[in-house]
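Below, chain A partners chain B and then partners chain C, in two separate complexes.
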Partner chain A sequence: MEFIVNKADLARELNLAQGVVEKKTTILILSNVLLEAADGQLTVTATDLELGVRCTCPARVVRPGSGTLPAKRFLDYVRLLPDAEVTVKVQENHWANITCGRSKTRLAGMSRESYPELPDMPEALAAIPASLLGGLIARTIFAIAMEETRFTINGSLLVLKPDSVTMVSTDGHRLAMVEAPAELPGVVGLYKALVPKKAMLELVKMISESGPEAKIEFSGDDNHLFFRLGDRVLTGRKLSGNFPDYERVLPKDHQYTLTLNREELRGSIDRVAQFADERSKSIRVGIEDNELRLFSSLSDMGESEEVISVEYTGAPVDIGFNAAYLSDFLRAVGGTEIEFHFRNGESAGELRPQGGEGLNYRYVVMPMRI
Partner chain B sequence: MSPAQFLASLKKGPPAGCYLFLGPEHYQRDRCRRALVDAVLSPEEVEHGLTRHDLAETTLAAVVDDAASFSLFAPKRIVWVSSTEAILPKGRVTEAAAAERAASSGIEAYLKNPVPGVTVVFDAARLDLDGDDKTKAEKLAKLFTGALVIEFRRYTVEEALAFTRDQVREQQLKLSPDAIELLVEALGADVACIANELEKLRLYGARERAMGAEELAAMIPNARAANVFSLVNALARRDRLRSIDLLDTLVAGGEYLPLVLAFLGTQFRLALAAVEAGVTSPPQIQAHFSKSGTPMWPSRAQQVAQTIAAFPREKLRRAIRLVFEADRALRDARPDDKIVMEAFVWNLTA
Partner chain C sequence: MKTVFHVDMDAFFVSVEEQFNPELKGKPVVVGGRPDQRGVVSAASYAARKFGVHSAMPLRTAAKLCPEAIFVPGHPERYREYSGRVFEVLSRFSPLVEMASIDEAYMDMTGTRRLLGPPLAAARKLHDAVGEATGLNCSIGISATRLVAKVASDQAKPNGMLYVLPGLEAQFLAPLAIRRIPGIGKATEANLMNLGIRTAGDLARLDDAFLGQHFGQWGVILAAKARGQDAGGWYDEEIGADTGPKSISHEVTFSQDTADRALIESTLARLAEMVGRRLREHRLYTRTVQIKLRDNTFHTITRAVTLGRPTQLDIELIAESRRLFREHWPESRLTRLVGVQAGALTAGEGQLSLLEAPEERRWRTALGAVDRIRDRFGESSLKLAGGMRGTFEERVHENPAGLPGKKK
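== the complex of A and B ==
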């Protein structure tokens, strides 16, 4: 195989592939990217068996063929090359000669025979505006569970309906749900899939490089989910199991509602959290006589208190919250004002952007005992 | 609290907020775990109501935070925390260091005011309740003052035999007494393994027809699972046939034979030291070695006592010489380790 490719194109595609490549070297071939040159284009494929990406860029193909090269070393080297054309020639013994101007390098590759095949993408089920999907991911990804053992909540639930798309994440103590109107004529009834967190992170990367009008074609088979954006296809293994019944825990009504300035609340929480326990970030939220009082203390460090004026004349309420849970939402949500709905110190609290940003965005967070 | 008392308490009322499961025995631990889950969660609630943590991979503080945070999906929860012994500082355990670590995690505060509906179980299965681990186990229990401690002690050989006989009777299995003894010996009196093997035997048809020791050994390879300790026991009894049989299994299983010799060498030296000190019964032997700075489990003392009974003083000296010669022969260029070891067993049991 021999091809000539623009350095910037090659570096961009390799950079995308690098996020998917297996970091642990238990299966050596998975540390490599598969390069396939044919029909005037270079196809770069990377997979860790859970996630795969296939992307293409234009190339002058001197001799069609394929080979695999170590992803990290190849990318690190290509990044350092000057902006010029790069010639890559992979020999029968799997060694690659890389030439760019007066730079010449030999890099040891491996046979493509042992490289796993990625499944082909079936017919697209829906075309979702890339910016919309990116927004849904940004508003929910932070609530995904970190513990690997809880595999049904190690990703987000994607719900497609003919007229809407919904994404839901939870770690068992908080839940972020966002629903957006969308025209998805290909969807019949209801389509649900659990999208792994790593796939969502790669999607964000792909979307960040796309234009405002770009659309992501989505489809799925029994085991995989497919996202195509232009010449790039991301394949993820579906998470198995049942996502919890999230609709059951969305509060139907609230006893009290406060309207707060997002930036003011965020700033107050961040300052008070400096004196919260380093790991649990637990802060106390007291609401009484038109005041919302945030308080934290560390016996050997000091304490901090912030007071925000609110409209509240109900009974005094004292709630413990993980400050990080509140900050995560306040960083992800847009708009100036947010609504804080609550009942008491042992019931779920809910945060929503006031006016909704054109979305039905709800963030439910459980209190903690402090 | 014993496992039986724990099981009885679950029948009487709701579980406590926090338990410490301490000790290495798995059969009763598994029974208690299942009874607790059944008592707290319905089958539908298990998926979201049962949370697992491993203190070898996460911090005690993270566990406390998880327990202290109310759950969205499960009004009642069990937080199961394995590898609890990992929170003990490495090396010499000073009480102050361990207490400081526990205090900084917030566990003390949590135990004083646990979240209603949440049961936290700290599981320390790698700590023995006797011997070297005894002090560590006691210190761990102190760190969890406020938690109910359930002790899971290893079964003695006699208790394991009684357990096996009861199970055989309950399950109406037709196992001969020598088959029962073989099962207990081969499985090192581990009742969890014994219960598994009995289940397999029941499925195989041990209810319908009688089985003796030979048939048992032939039919269930797992029941023959030999280890270094069973070989030491067989040699200690000067049981040549069983020793050769066990050696065969060990070789087939790829056991590292110099390790076997190292165990045997220690065994014979301990036995000789005990003879020279004039102690012969297991309690005397255990007390003698513990006093001289070599803590010993009761089961080990029993092994040494068996060896003393089978090998008079002169034979013990000869046995140590044979171990030395076999060890040297294993290091020489030789056709096969097994031949060296068979010769060793033959000479030793002569």
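== the complex of A and C ==
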């Protein structure tokens, strides 16, 4: 195989592939990228068996063929090359000669024989605006569980309906749900899939490089999910397991509601959180007599308090919260005002953007017992 | 200058048994099980000790040494109850009481002179009050340090009191064999013997440099101990400085080594249930579950898991210990001992859960009710079905149960 490709194109595609390549794999071939040159283009493939990415860029194919090269070393080297044409020639013995101007490098590759095949993408089920999907991910990804437990999974639930897209994440302590209107005529009834967190991170990367009008074509087979954006296809293994019944968790009604300025609340929480226990990050939220009071103390370090004026004349309420859970939401949400719904120190609290930013965005947080 | 009491119950387990069966009094009695049973002696009466029977000796050996001894099974619940009564009495004499085990305690009596009189008079009152509340005898050692108080109570046994006057600590210890000093075990004793050091006096005479050369940091601690100072590990701390347990554990040796997985899992479940019960008793939550497994060749492993959030529910402890067992213990391995430990204890459960709330709440309520039933009708009145096959006779051990104790 031999092809000539623009350095910037090659570096960009390799960089995307690098996100998928497992850093600490025991299967040697998985630390390589698969290169295939044919029909005027170069296809770069990377996979960790859970997630795969396939992307293409234009190339002058001198001799069609394929081969694999160590992903990280190849990328690190290509990045350092000047902005010029790069010639890559993979020989029978799997060694690659990389030439760019007066730079010449030989890099040991491996046969493509043992490289896993990625499944082919079936016909697209829906075309979702890329920026919309990116927005849904940004509003929910932070609430994904760090590890899988009896109750949670390391990914988000994607729900497609003919007229909406919904994404839900939870770690068992809090739940983020966002629903956006969308026209998805290809969806019949209801389509649900569990998207791994790693796939979501790669999607965010792909979306950030796309234009405002770009659409992501989505489809799924029995075991995989496929996202196509332009010349790139991301393939993820569907997570197995059951996503918790999130509709049961969403509170039906709330006793009290406050309206707060997002930036003001976020600043106050961040300051008070400096004096919260490092592990539990617990702060107290007291609401009484038209005031919301945030308080934290560390026995030997100090304490901190913030008072925000609110409209509230109900019974005094004292709730403990993990400060990080609150600020995660305040960072992800847009708009200037948010609504805080609550009942007491034992029940779930809920945060929502006021007016909803055109989305149905709900964030439910359980308190801490303090 | 501090005034420290070390209160040590005389032949505690045996004496408690005598309260329930006065005929045992004065006779050679061995607590721990039947003479033909696998297991060790938990305690022996003074009459049995004359025959060379001592605790931690195999029951069968005890039966050989003293064939006429009366063997009685241990009753952990009785001992816990009596230990509790002793603690109650001690607490009336000082707010600083630390149960070092089920039958001994350190008390900081500094500053009680105006209230209770000089140390020996106070000790007399204490001794009688314990006797009145429990019918049991105890021995009391008094000194300015915990270490000397402990040695003194040992020297005063049985049913005696010994006050080592301040300044005379080193003189008091000097003639005693080095093994009498708390913290000096078999290994250190052997090493010291090799150097020709036999008594505490020999040890105290050596200079720190020599000991440092032979024993490093431990040598300096040894020298301090020989002079009667509180040094080394737990002795560095104040009485009652930390009264919360660091971990809660239960373990059991099978009467016969077994490869029966179902039996082992059931036993683990039973142990986990007992740990859960004690967590709730102490109002503690655990973040780590550890299991301990020993095979017939005495090869022992411990495996632990950190939970996503603190718990005190039996079902979670059971699920985790079973998972650890299945992951780490090979099929058909002959198993001798299993244990379950809850570590990383915290006082609160912290973050509440959004998802399993109803199930968890039901378990919490149910186990709370179970605990109340056990309080009234005894530990064996109600058990989880999963642990039924694993039911065993609870061994008598010296860990304080339900009382502020020493950390492990």
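In this section, the second predicted complex is superposed on the first by the 365 of 370 C-alpha atoms of A that agree within 3 Å, B and C clash if a C-alpha of one lies under 4 Å from a C-alpha of the other, contacts with A are read in each partner's own complex, and residues count from 1 in each chain.
One rule holds for everything that comes next: contacts are C-beta pairs under 8 Å (C-beta built on N, C-alpha and C of every residue); 3 or more make two chains touch, one makes a residue touch a chain.
These numbers were taken from a predicted model, which means no experiment stands behind them.
Q: Will chain C clash with chain B on chain A after the two structures are superposed, or do they fit?
A: Result for chain B and chain C: clash.
Q: Applying the touch criterion given at the start, work out whether A:T26 contacts chain B, chain C, both or neither, answering first, second, both or neither.
A: It touches nothing on chain B or chain C.
Q: So in the superposed three-chain picture, is A:P367 touching just chain B, just chain C, both, or none of them (first/second/both/neither)?
A: both
Q: Thinking of the overlay built on chain A, is A:V249 touched by chain B (first), by chain C (second), by both, or by neither?
A: Both partners.
Q: Mind working out whether A:G172 is in touch with chain B, chain C, both or neither, as first, second, both or neither?
A: both
Q: Once the structures are lined up on chain A, find the stretch of chain C hitting chain B; candidates are 4-12, 40-48, 130-138 or 346-354.
A: 346-354
Q: State which residues of chain A lie in both footprints, the one left by chain B and the one left by chain C.
A: Common to the two interfaces on chain A: residues 147, 149-150, 152, 170, 172-175, 244, 249, 280, 282, 322, 346, 348, 364, 366-370.
Q: Which residues of chain A touch chain B once you look at their complex with the stated criterion?
A: Touch list, chain A to chain B: 147, 149-150, 152, 170, 172-175, 242, 244-245, 249, 277, 279-280, 282, 322, 346, 348, 364, 366-370.
Q: With touch defined as at the start, can you tell me which chain C residues reach chain A in the complex?
A: 308, 348-356
Q: Taking the complex as given, what residues does chain B use to touch chain A?
A: Contacts found on chain B: 47-48, 51-53, 59, 61-62, 64-66, 68-74, 106, 113, 115.
Q: Give every residue of chain A touching chain C within the complex, in rising order.
A: Chain A residues touching chain C: 147, 149-152, 170, 172-175, 244, 249, 280, 282, 322, 346, 348, 364-370.
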